[in-house]
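The two complexes that follow have subunit A in common; it is paired with subunit B in the first and with subunit C in the second.
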Partner chain A sequence: MSGWKPVSVDPNEADDFDLGQDLIEPDVEPPQSTSAKAKTSQPTQQNPQLASSSDHNNNSFFNFTSFTAPKIDLSNTLNPILQKEQVKELRFSGGDTLDEPVWKTLQRDIHSIGIKLFSVIWPASLSKLAKVQQHNLLIYARNTGVNLGINYDEVTNNLENDISSTIDDSDLKKLDWDLWGPLVFILLFSVIVGVLSPTTSNSVVFSGVFTLIWVTFAIIAINIQLLGGTISFFSALSTTGYALFPLLISATVSIFVKLFLVRFLLFVVFVSWSIYAATLNLKVNGVLPGRIFLAIYPVGLVYATLGWLCVIT
Partner chain B sequence: MSEQQQERTLFQRLSESSHPIALIFFLGIRISSLLAYLFGLLFTKNFILLFITVILLLAADFWNVKNISGRLLVGLRWWNETDQNGDSIWVFETADPNRYINPIDSKVFWILLYSTPALWIALAIFAVLKFEFLSLILVIIAISLTLTNTLAFSKCDKFGKANNIATDMFGRVSGGLLNRINPLNFLNR
Partner chain C sequence: MVDDSEKLLTSFESRLWILTKKPQREDDWINNDDDITINNNGERYFNITSDEFFSNIFSSINVLSKVELETAQETGDLYGPIWVTATVIFILFFSNTGAHKLNNWLSGSDESYEYDFALFTGAISLLYGYTVVIPIFLYVVSVFYFKLIGFLSLTKIVSIYGYANSVWAPAAILAMFRGFFSNGFISSVILWAAVLIGGGISGAAILSKLYPIIRNAAVASDNGKLKTIYLVVLILAHIGFTIGVRSILIL
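The block that comes next holds the complex of A and B.
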């Protein structure tokens, strides 16, 4: 009790008095500042409301009704996230697929997954598309002034004859990204490694491998995206994830085959297959011509590590 | 007796839906992923099996909400597409305003859309407190998948429902708080 001391209150710092002052003397501000305020009315929406309410009931000490139901607007919440992305807002106007049957949606997605899987199983089917895409990317790089270490003057003659007409747009549309393939393949791969692990704690091994592979693939995808070109993060993730399929075959076989030599041969064959498939898919999806090796090098390292994991367990 | 009455009216209400099958699938997959995570270990000792089940249920839920439930129940859809320069474009589509949106469908959709990520975030806090880091992996995946759908559909809706909910909640909280500290109320007592 004896420690109590009177505290001198600065009227400018006490919120209550501050608010009261504003209400009593609304004309303190010079007129030009109020016009500037009107221009940026969004953040200071509360002020005119307060001022007008104080006109009506000057008798009340504080007007609480203006606080109890403030309008909240969240519509700009996502803007910082979508700042660098292109956003399109559509209003359905008939003739689209908003009312299509469920079976059709399912069919389209399964078809898209099938095409991506086929492009990994038989990568040579992409070679023509990859050539055209690389040609287009070279033109894109020349027009945007990307330094690829290539003398554009030497290849200008080749660039002039346009070969992009030999493919149609639907070929590329089919290769839109999705993450079903990576999800299923990484799950299966983690199960195989988890079950094969000799320790009793295979659930820890499983979860660890699962998380580690996802994190690794995310880092790889960031690397590929940062190398430039027209590939997006998710497209890179999808491509490198789908190309995991050959490794999955070798992992499945190595459950049954314990012979080191056979496992090693499988490792060499299937890892090269994975890397070849990933290379062609990355070329199609928009990695710049001079940077394929930079993009594929870490991918190859990861595939080799995962493949080697299957050899030694 | 009254409880039974309540239940029957709830069932009756749900049966007024325009897309009952879509609604059942939406409810079923959303809730079953939560239930599998919460009570799965009572039925199986195999954590790997449970992990895979929950992940696949979450992925199925993500696909179902994004591609089926959203457009059938509330007439909204979002997707990501790549243009010729390889730039990704996020597209947020709304239905024709003259289209009839069933109030039951809409209510169930929005309530579950906002409550599920909130529940998963609560479960994440529990997982951290109990040092269950293997479960935490699952919960983080769940939060990222459900939250993506929630934010994207909110964007489709131009945050109409989100604004209503936030305004309502803030109004209730601040209203209660201000009424309690209102000196006039105290004087009037």
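The block that comes next holds the complex of A and C.
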């Protein structure tokens, strides 16, 4: 999502990249002098005497361990460029998923699907996160000069200080995209519309609706991505797909209820629920503040079309 | 994600670029006029905000307002043509099925109305076709055949045509109310009123923006008759389009 990733390259040494020498981690531990030298946080280039005094194979930057745990202090070197942002150095912490039981893997996926489904069922749970994310995006837009229809001179200069609470990165990580929701909901929705269809050609309606929904969702996702911000194509696809859930309820109810008026009221309620959920989710996932309406409008149009299809069949 | 790291990189690179530019003030790079993030070809045509979108729509519906002369350099946005036209297609579909539903409901007849996918595909090809084909034709003929100087860019013409479609949305909703009347005469009056409002206002919106440009370009290239020919062709095309929309409304 939109969290800052650590930059682990020192611009002073980036040009000297030569991975041919030290791809293999040496069996022996580097001598004590190297680690002591690295602690001084001075790049080795500036002390050639010190570097030559130690073992010449053991260049401290090209050592494998220096890639996994960089000892270069980036916050000093990048200070003139990244004026107010913080630069953190993090170890690779991908975790090991090879050895875990299959049940644990499934459990993790189901848990993440559940969290995204809950954010659609109870969208208000995201409102605080959405507010903070929008503020961050405003800072991003100001720094990169995106046209948002806002005069940045009028906005207070210390946007960074206005922020009341910082977001926990894990909150965003939980809402990371997947395509389970869109797949299941679109499949169920097309089955229901196919069953509802008055003609005998149920399978044609099913396949037509299934394809049509995927294509329109792809167009919507491209539209959202072109509008800018930090949202990705699949993130937009996932968000709009999960927010289809309320419409699925409305479609299920309309199997049993044939009254036009009841169906119409359900249509209004559930479509607005879907749109509200999609709005908050898109805000969290990184649509720029001045363009929320432009991003959500086509989504609402498609939801309304799908809902209307359930009302009239 | 790959996308985010790219975004990060662009912002990072743009800052480096700014540093080399050496701004006078500290805030100078914030409101920089040349938009540095819009380097992507697609994003250039979607670089609008909600407020600009609404003002474009209002200026195309309110044809009596003073028209600002468009300039040849403007790119225009493609968000409007795509989604305004999609809205109109949806509302035409909604209006057509809604009118039948209302009529059935009020007259108490039990026959179920089956919607027709030909309505959907017909509306899509008519509206998107008119919004894209006529501007391409206009642009190609003016720029490559008559070699007019100072003509609008293609995307700007598409943008004008797309936003002009917006008036069809209220017109189609008006047409839906004909479902309240089982009387054939009143419902046909309502239908004609809706069609005339839609066709008239959208045509006026297109011409009020395009005609000054065409006139200036024709005068600049010493061909006074050209503007009359353009006017006649554009009006005829628009009348044909209006009749097409009417046939979709009653399908």
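Following the convention adopted for this analysis, the second predicted complex is superposed on the first by the 211 of 313 C-alpha atoms of A that agree within 3 Å, B and C clash if a C-alpha of one lies under 4 Å from a C-alpha of the other, contacts with A are read in each partner's own complex, and residues count from 1 in each chain.
Assume a residue touches a chain if its C-beta (ideal position, glycine included) is under 8 Å from a C-beta of that chain, and two chains touch if they have at least 3 such contacts.
Everything quoted here is computed from the prediction, not taken from an experiment.
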First (subunit B), second (subunit C), both or neither touched by A:L148: second
Partner chain(s) touched by A:L294 [first = subunit B, second = subunit C, both, neither]: second
First, second, both or neither for A:T230, with subunit B first and subunit C second: both
Touching partner for A:P101 - first (subunit B), second (subunit C), both, neither: neither
Which of subunit B and subunit C A:Y140 touches, first, second, both or neither: both
Which of subunit B and subunit C A:I312 touches, first, second, both or neither: second
Subunit A residues contacted in one complex by subunit B, in the other by subunit C: 82, 140, 230, 232, 235
Subunit A contact footprint on subunit B (complex, rising order): 22, 46-48, 51-52, 55-56, 59, 63, 67-68, 71-72, 75, 77, 80-97, 99, 134, 137, 151, 154-155, 158-159, 162-163, 166-167, 170-171, 174-175, 178-179, 182-184
Residue ranges of subunit A touching subunit C (in the complex, touch as defined): 1-2, 4-5, 7, 80-82, 140, 142-149, 151-153, 157, 198-199, 208, 223, 226-228, 230, 232-233, 235, 260, 290-294, 297-298, 301, 304-305, 308, 312-313
Touch list for subunit C against partner subunit A, complex: 1-5, 7-8, 10-12, 14-16, 19, 27, 29-32, 35-38, 40, 42-43, 45-53, 79, 82-83, 86-87, 90, 93-94, 97, 101, 105, 112-115, 117
Residues of subunit A defined as touching subunit B within the complex: 60-62, 64, 67-75, 77-78, 82, 85-94, 96, 98-99, 102, 105, 109, 140, 169, 176-177, 180, 183, 187, 191, 194-195, 202-204, 206-207, 210-211, 229-232, 234-235, 285-286
